[in-house]
Every structure is written in C-alpha cells, then in structure tokens.
C-alpha cells in the first residue's frame, strides 16, 4: 500500500521539491512541457491544457468587457452626451452585458479552474469525456466569434435581456449575436455534463461523497444548473432569431402573444444562471478560507447541502425579476417567499466561513485578502438582494441603478473576487511559480476600494431614482455618477497592477515547489505543475478528509459533521 | 454508495438477458393506448379530455422510459436526473399559467377569454377586427368595422 | 431623524401614501443590513488577528459545529427575511389593489413620449394633472414596445404592455410637480422619455378641468396630434367612411380588395408599396394624408396620375377620420398595428 | 481496483477501455449517465414550447380547439404508430446487440431509419397541405375558415414544435445510420460491447417520447 498520501502533503517538504519545478522528474515532465508543438496544444485532451486555453480566452473577453464598462462609466460623467451618441451607448451597455455574462462570468471559474483542479481533487487522471471537454472549448470559441461578428456588423441594442417586442422589432442586427450565444450555451451544457459524470464516476478510492472538497460540491451544483437551465434560453434565442427573420409573433401582443410569457421563459434560465456565476466562487472561497486559516471547514455538510439547496431552490424564484412587469400579485407573493429561502442558504455559507476562521491560524496572503473583500460584498450584496425581493421595495427599485449595484456586488464583488483569488491561489499549481506577495496585497486594496467607490454610489443613485440604461440623465444624478466613474478608474487601475505582476511572475517568478501554501487540499498532493496524467505511479488513496490540519499527537478526530 | 457497486449493479442488471417478448408486449400496449387516446380525443370530452389525454400520454411515456430505455435497469443517478427534469418542466408550466389566471384581467392577452376587451378599444391600431365569438363582452355596441363583414358599398 | 436618513440615502421626497410605507420598510431593511454586515465584518477582522498564524505549520483544533449553532445560523436570517417579506408583501398588495373610488387616467407610452387621456377630460402629452389627496388610478398601456411608468417621488412603477392595460395607483399627498421616467428599455431615446406629474390641490384641479373643458370646444391644439385617444376610434372610422363616400373616393378606390382605378383601401395601411420611381415606402398616416393633399408626389407603380387634390376641401379632423377609416380596413386576422416596428431613421 | 492496463488491441466484442476510467463497468455507467443528462436537456428544450402551448391554450381555448380540428387526424395517428414501431425496432436492435447478432442489429436499425423517413414524408404532406390552406404562423395566416383570435398562435406553436421535433428526427436518423454501418462493417457488437447501440436507441426513444406528448396535445384537443 503506498504511503498514505496525506503525509507527503504534510509540512515536511520531500526532497524532490528542491528541484526547479520544471525539470522535477524527467520521466514525468510537467503538462506544460509535455509536447510543445502547436498541435499538441490545440488538439490536446488534457484537462489542464484545455483549462489554460480557456483562461487565455476568458481573460481576453474580460478585458473587452472591461473596456466597454469603462466606456459606459466615461459616458456617465455628464448628463448629456459625453463621448458617444445614444445608439452607440445603447450598443455599448448591451455588449458589456452580453460579453461579461455569456463570455466571461458563466465559463470563468468552472471552465478554467473547474477543468484544471476538479480531476486533481478527485484523484482522477482526467475528466470523464476528455474529447467532449475539448469540443466544449471550440464550441465556446465558435459561438463567441459568431456573436462578436454580429456585434461588429451593427451590434444589437436590446440589452442582454433582449425583451420582446423590442428585440423582435429593432432594426439592429440581433440574429447573429443571439445565435452565437445559443452556440455558447452548448459549451456550457457540455462542461456541466462532463463535470457531473466525472464527479459521479471518477472519484479515487477512499473519497466518499462527504470527503469531497467543497469546491467539487460547488461545481456539482453549478453543473446541475448549467445542464438543466441552459436549454430553455437556447430555445428562446432560436425563437427570437426566427422571429427576426419570419416575424411569426409568438410573443407579439398584436398577434395575441404575451411579452410577459417571454420574460417568464427568459428568467427561468437567467436566474439560475446567476447562481451558475456565483456558486463556483463560493466553492473557491471555501478552499481559500480553509487553506489560509489552516483549519477544517466549520459545518462542512451545511455548506455542501446549501450549495445543492441554492441550485435546487434557485429554479423556483425567477419571478422576482418581474414584480412590476404586469405579473399577477399572487405569483409575486409565491416567488418572493421562495426567494427568501434561497437567501438563507447564502447566509448559512457566510456564517460557516466566519466560523471556519474561529480557532484557525490565519495567514494573510493575497487570496485571503480577496476572501475578506468577498465576505463583505457577499453579505452586503446578498442582503440588498433580499431587500429587493420584498416586493414593495422592488416597486421603487426595479430597473434602477440600485438593481445594477446589487447584481454587480454579487457578480464583481463575489465572482470576480473569487476569480482573482483562485488565480492567485492556484497560480503555483498551474505554473509552478509564485507571484510577488507585496504587489498582490497592494492590488487587492485597489480592487476592494475601487469596487466600493464604484458601486456604493450606484446604490444611492438607485434610491434617488435614476433608471438603468439611461444615456442622458437629469442633472441631479451627476455628482454620484462622477463618484462612480472615479471608483471605476481605481478598480481598472487595480486590474492593471494585477496583470503586470502576474505576467512578470509567469516568466520570472521563483519556483514555488510542490505545496507553497502547505495546504491539505487534495489538489496539492500531486506535483505542481502536475505531470500530464496528474499522478505518478499507482493512483493514490485518500484516507483522510481534505483540509485536516489537526496535530496527529493530540486528541483523535471526531467524525466529520 | 461507492461508485463501484452502482455501476456493477447496473452492469449486472443489464446483463441478465430477457427474451425479446418483453419489447413486443410493451409495443402492443403502446399501440392500444394510442388507439384509446385517439378515440377519446376525437369525441372531445369537455372537462376531462385534456387530463385524460395527458394521463394516457404519461403512461405511454413511462413505458418507453422504463422498458425501451432500460430506466428500470439503470440505477440511482439516472433516475434522479429524469425526476428532477420532469419536476422543473411542471414548475415551469404551473407558474406562468397561475400568472395568467390571477393577473389583472386587462393585462392578459387581448382577445383571449381571460381578458374583457372593451377597454382595449382605445388602443389605436389594435382594432379588434373580428367579432369576438366567445370573447369578453364588447363594450361599444358597434361591431368593429373592417374585415370580412364590412358592408361593401355599391360603386357610386 | 428620517430626513437625515433621506439625505444619507439620497431618497427623493415622499409625495404619496405608498411612499411612506416603502420608506419605513426601507429604513428597517437598510438598518439591519448595515448592522449585520458590519458585525460580520468586525467579527471576521477580529478573528483574523486573534487567530493569526504564529508558526508556519501550526496545527489547529478540529472544530465541528453543534446543532444549536447551525440552527441559529439558519433561523436568525430566516426570521428577518420572512418578517421583511411579510411587511413588503402587505405593502405590495396595498399598491396593486387600488381602492374603489379612484380617479382613472389612461396612460399611453409611445416611443419616447407619454400621453395621458382623461375619460371625459382633455388629452395631454408629457404632462399629467392630478388632484392631491385623492386616489388616482393609472391604466397604463403602450403603443409599440415595453415601457415602464416610474414616479420616484411616489415610489410607484408599472410596466406598459402594448395592446393591453396594467394598473397602478397612488394618492398624492403634496401638491407639486414630480418627474416621470421610463424604466424599461425602449429604444434610441429611452432616456429622453420623461414626463411630469403636476399635483394640484383639489380646488385648483377642478378649476383646471373647467378651463380645459372650455378649451376643448375651440379646436384644441392637440386635436391633430393624436386622434387615437379622443372619441373611440370606431366612431371616427365611421365618420371617415361617410366622408369617403361623400367626397367620391369610392369612384376609384374599392374597399374589398378588388382591382380598380386607384389602389384598394383594403389592407393598404402599413403595407410597403413600390413606387413608380422604384423606391418602396411604408403606407402610414403621413403617406395617406400627403397622397390626399398632393396625389402626384408619390404614385404607386402601375397606377396613373389621375387623382384630383383635396387640398382645401378636407379639414384636419376630416382627413384624420378618413385615415382612421382606411386603417380599419384590414385583411381578416392579419393584424398589423400595435407593435409595428418603431420607425427608425437609418442609423449607420 | 485501478486497472490502468491499456487494452490497446481490444479483443473482439470488448470496447477499448479509456485510460482514465477505473473499469469497463464504470465507463459504461459514465456513458449512460452522460446520455441521460443530455436527454434531460432535450426534455427541457421541448418544455419551453410546451409552456408556450399550455399558456396560450389556457388563454384561447376555443381558438385552439377549432384550429386543431383542421389538422389531419388520420395522418397524425399513422405517424404516431410509425414512430412507436420504430421505437420497437430500436429496442430490438439493443436486444440483438447484446446477443452479438450484428446483422440483425443492422436490419433493425435499417427498419427504424425507414420508418423515420416515412414519418418525415407524412409530415411533409401535412405541411404542404397547410401551406395551401394558408394555415401558417403569424402574419402569413390567411385561412378564412377559422377567424378566432389566437389561431395564428396555435399554428406558430404547431410549426415550431413539429419543426423542432422533425429536426431531432433527422439528427436521430443520422446517428442510427452511423450505428447501422458500424454494425455492418465492424460486426463488433457483443454482450459487453453494446453501449453505443444502447445510447443511439435511447436518443431515438426520446424523439419518440416527445412525439407521444406532442400528438395528443396538438391533434386531439
């Protein structure tokens, strides 16, 4: 029986870590250098290489989406036209929405870090369907380029929600962009399906369901949503594309159709999609808080069950986006109550994370700095979500900047913070190098302060009554908009710093060794960067649960709750 | 339940080999049910016609799922997948219909029996160009002009 | 205290009974949110320092939550959330069920303007006069795409659906003018679709109504602006048909689609016609009115230029009535109209 | 437990064990689970159209009933029988694959494909009849016989649902054609190598399952 794997991951770094990370073991070269031809990268089925290719594209789309965000903020500086005309602005906020949601937020953490770390965490060689994994990358790129082609040839101005009857009657080019997004939906389904089957069938011996790392639980819940929700919006996109061409008027009031029915079907996907974006970040943060406070997770099962709870109940709450859209009061009540339940699951997670730090040993590194920002933003963003779900307040806040601030608090506050945390946390695992810790903390301060300065004023704008998607606004809103634009430039500057020191570390960073954070997570058992088939020799058995930092001499371990 | 025994149990189920009679029986039942639903459908039972048709369709669907697609042999996760997706379909159906049922009447699709039309008369361009056989009472007594019943004046 | 909170939260002034209820819940929710997020933040920051790492491989205890703490984690947020929901939904029902004796006003959102029509009173574009301290019910609809009628000062908002009515009501408490904004994206000038609610004291409102009535008899300036909202359209179409008869339109134009000297009226409205000059034009009100006044300008290909001009023979409302009559002649069930595409000038 | 031995030269009737799976049984279980997940996405895809059908039928009951009387019930019934029989032959194909009778598998799939073709031909007749009659979606609806509000909606849903279903029939046919040639050429299906046949027939059964629900809802109101 080979030595129980947990001891090797223990503090005592085995000798072979002293080598330079790359030439660690010539018989099993790291996946980065195992085949350097272009074809070996483009046609690889290695989940780690596919993850890196996803990372490249996702960062590129994040940059494009971010540029659109800055353009919007600059336009908002003055009540009248500032740097663009009305139609360009309408296109800009639509593209910002479309690119950020479909091309960055939804695939970001699952496709990059899910792909890279999931097999490592399960002790498996690869995901269940490696070829499907590569196909999902190319489907994603095909859809992205079709959508971008549509955006460049006229672009649509319907907002990312493309409500009918406007989306079926606008003269801007809606069809290619929506059909591109429809294709991207398949990549999302393929990734979700792949992960579910991997988690069900590829767990190494010794890993039972309740010894799975919490990032795997979060990915499982996310994949279930991806598989079950995406087809509905795929159908909607095909119908709207069809209506652009044939005008058959399924949701057209003149033909007796009902635009509110379109909203029902749209939000049936789009609310669970919000949980696709945020659940993986909850998973990453569970790993980060356990590693950097060197403590087992407080209420492991509570967090695991709440991930599944969010995924399941998240399907029954879509109506809270339609309180003032003509939907009946009865439906508003039903959707409002169920939304309160979903809020509770997030509250459980937050309390258990704070509980994890209790009696821990906190090492304040950059990922942990992002965890602090994440914690505050999730509490604040989540509570404002509950506030908006109390129906009566939503009558005032719906479609104003309050809602914009709320979902940015969750999307940027939770998911982008988690995305940055996971880049820093798994940077050594992916590239075998370490980034500069000082610059990391500096950038984190910029990001957290810049984020607050951008979106707190937008909450106040919402209270003050400024509607969203407004190219020109009454003068009284200008002061807050200027503050928000200032905050946005601070945030952008933070991202610039990150990109500088991370690219520097990529090339000149000092080798990180196998386990720089001394973490007991399963993914740190294999080498960093790991060889092509993740494990050298026979498959390791995982006798202990993840993140077990108990002193072996002291009291024996009660069973996990 | 570790994954090993789930798949070996499933493989074991799939291995025991029934004769092909089972499929022919299921086929026969399906045809009988089709005949039944066509017959009951064509006599248009007022209230329960839809419920009966759905019942028969679900029965046929269940048969196809269990025997033709071997869901009866497959274990755990596969059944969960089917159950959850059917539950979501039902939820997706119930809430919008409840919405239309309990909505402020004139906010329902105009011309449908869920909304009384008179106050929609003002919508310029949204003329109700055809008489409302069963629709809501038509406020202004005057039949909507245009369409096939406009009196075609003899040429002056 | 509350206006200090309004200053901090940038809340607009409260000018309706519903606004009071919304803001009370608002203070309660924002208060608890602030307290709890600061509490969680402080607890976290305290623990970061209290339990900072002292040795690189410091082992930690295996802490497992007992049931009461887990129950506390669940029940405390749940109680607060359900309490908020109870208050919020009670106010929402208050908002969505107007009292019986409301003063009704029809609101129509049309691409980038708001039109108001009082059942018996005058029309108004972008200005809505309402009496204070009396419930006013708005029956909101739209002529083309989705809009949303939002008055921040009253804290009310309701979408405008084309082809049907949604309702919203308020009871203004203070006379004054309050801004109306459109909050559902509706195209190019979505952000310029602003209007005003002018709240008058009851006496002023009666007085205003009276002079509007007096004003109605001498041809109101907005008579031509939009014939759609004054008398029900049906009666206008009837007048249009009588006028077309007397003016002799039927000598050349048929009503049932048959070929004749001039193009048939059936289904003419909103059709794309090919002109002799080769371009196509959409047959809308402007084109029909212009063809009556200056027939030779845009002749549909295949027809001769024999139509006499009606310049001077037909007054404004009469041409509008004939246009209305032509618009009502539509092939059965091929319903053009309500949500025809917004007339965009080409943007590129 | 972990047998990562590469069975490169697969003995006849035993499929190539992908390197990263623990055993053949796990690989088959993974394939089936993946297929069931894919089928659930298909169910939810059609669910969107069933929701539109349900809501609009609830709004326009008499229009839907009137319009559905204009469909050709006999053609619909024949189509249903054809699809159910093709489902039978697909199931028998799996049965024979388990017994290793590759030629019978090919014949069964051939029959299934033929019946699928028949289904599409009958559908073609129905569509052409509707085009003549003018019973088309949205603005193209010019059938004089039925003049109720909501009738164009019925035909919009009819064409969307049956069109999407026909598209899936075509995908199913191409999958079965590939399987038929695989059976004929490689003759490799056996008691422990029939997963591909099983997945192909599962997809076909789903296509049949959707029609089982579409038929009564569209034709038998």
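By letter and in written order, the chains are A, B, C and D; residue numbering begins at 1 in each of them.
Everything that follows uses one rule, which is that a contact is a pair of C-beta atoms (placed from the backbone, for glycine too) under 8 Å apart; a residue touches a chain by one contact, two chains touch by 3 or more.
Values in this document were obtained by computation on a predicted structure and should not be read as measured data.
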Innermost chain by mean C-alpha position
A
Could you let me know which interface, A-D or B-D, is made of more C-beta pairs in contact?
B-D
Any idea how many Å lie between the Cα centroids of chain C and chain D?
45
Please tell me the distance, in whole Å, between the geometric centres of chain B and chain D computed from their C-alpha atoms.
18
Let me have the rounded angstrom distance from the C-alpha centre of chain A over to the C-alpha centre of chain D, please.
35
Whole-Å distance, C-alpha centre of chain B to that of chain C, is 34
Contacts with two or more other chains, residues of chain A listed in rising order
200-201, 228, 232, 252-258, 260-261, 264-265, 326, 329
Of all residues in chain D, the ones touching two or more other chains
1, 22, 26, 29-30, 33, 37, 40, 44, 47-48, 51, 55-56, 59-60, 139, 144, 147, 149-150, 152
Hey, what residues on chain C touch two or more of the other chains?
96, 161-164, 166, 331-333, 335-338, 340
Within the complex, chain D is touched by chain B residues 3-4, 6-8, 10-11, 14-15, 17, 20, 23-24, 26-27, 30-31, 34, 37-38, 40-42, 44, 49-50, 53-54, 56-57, 60-61, 64-65, 67-70, 74, 77-78, 81-82, 84-86, 88-89, 92-93, 96-97, 100-101, 108-114, 128, 130, 132-135, 147-148
Touching residues on chain D, where the partner in the complex is chain A
1-2, 4, 19-22, 26, 29-30, 33-34, 37-38, 40-42, 44-45, 47-49, 51-52, 55-56, 59-60, 137-140, 149-150, 152-153, 156-157, 159-160
The residues of chain B that touch chain C in their complex are 104, 106-110, 115, 119-127, 129-130, 140, 142, 144-148, 150, 152-153, 155-156
Give the list of chain A residues in touch with chain C in this complex.
10-11, 86-87, 90, 154, 157-159, 161, 163, 165-166, 169-172, 252-255, 259-260, 293-296, 298-299, 302, 323-326, 329, 332-333, 336-337, 340-341, 343-344, 347-348, 350-352, 354-355, 357-364, 372, 375-376, 379-380, 383-384, 386-387, 389-393, 395-396, 398-400, 460-461, 463-465, 467-474, 480, 518, 548-551, 554-555, 557-558, 560-561
Chain C - residues contacting chain B, complex:
96, 106, 117, 139, 141, 143, 161-167, 226-229, 232-235, 237-238, 241, 245, 248, 250-251, 254-256, 325, 327-333, 335-338, 340
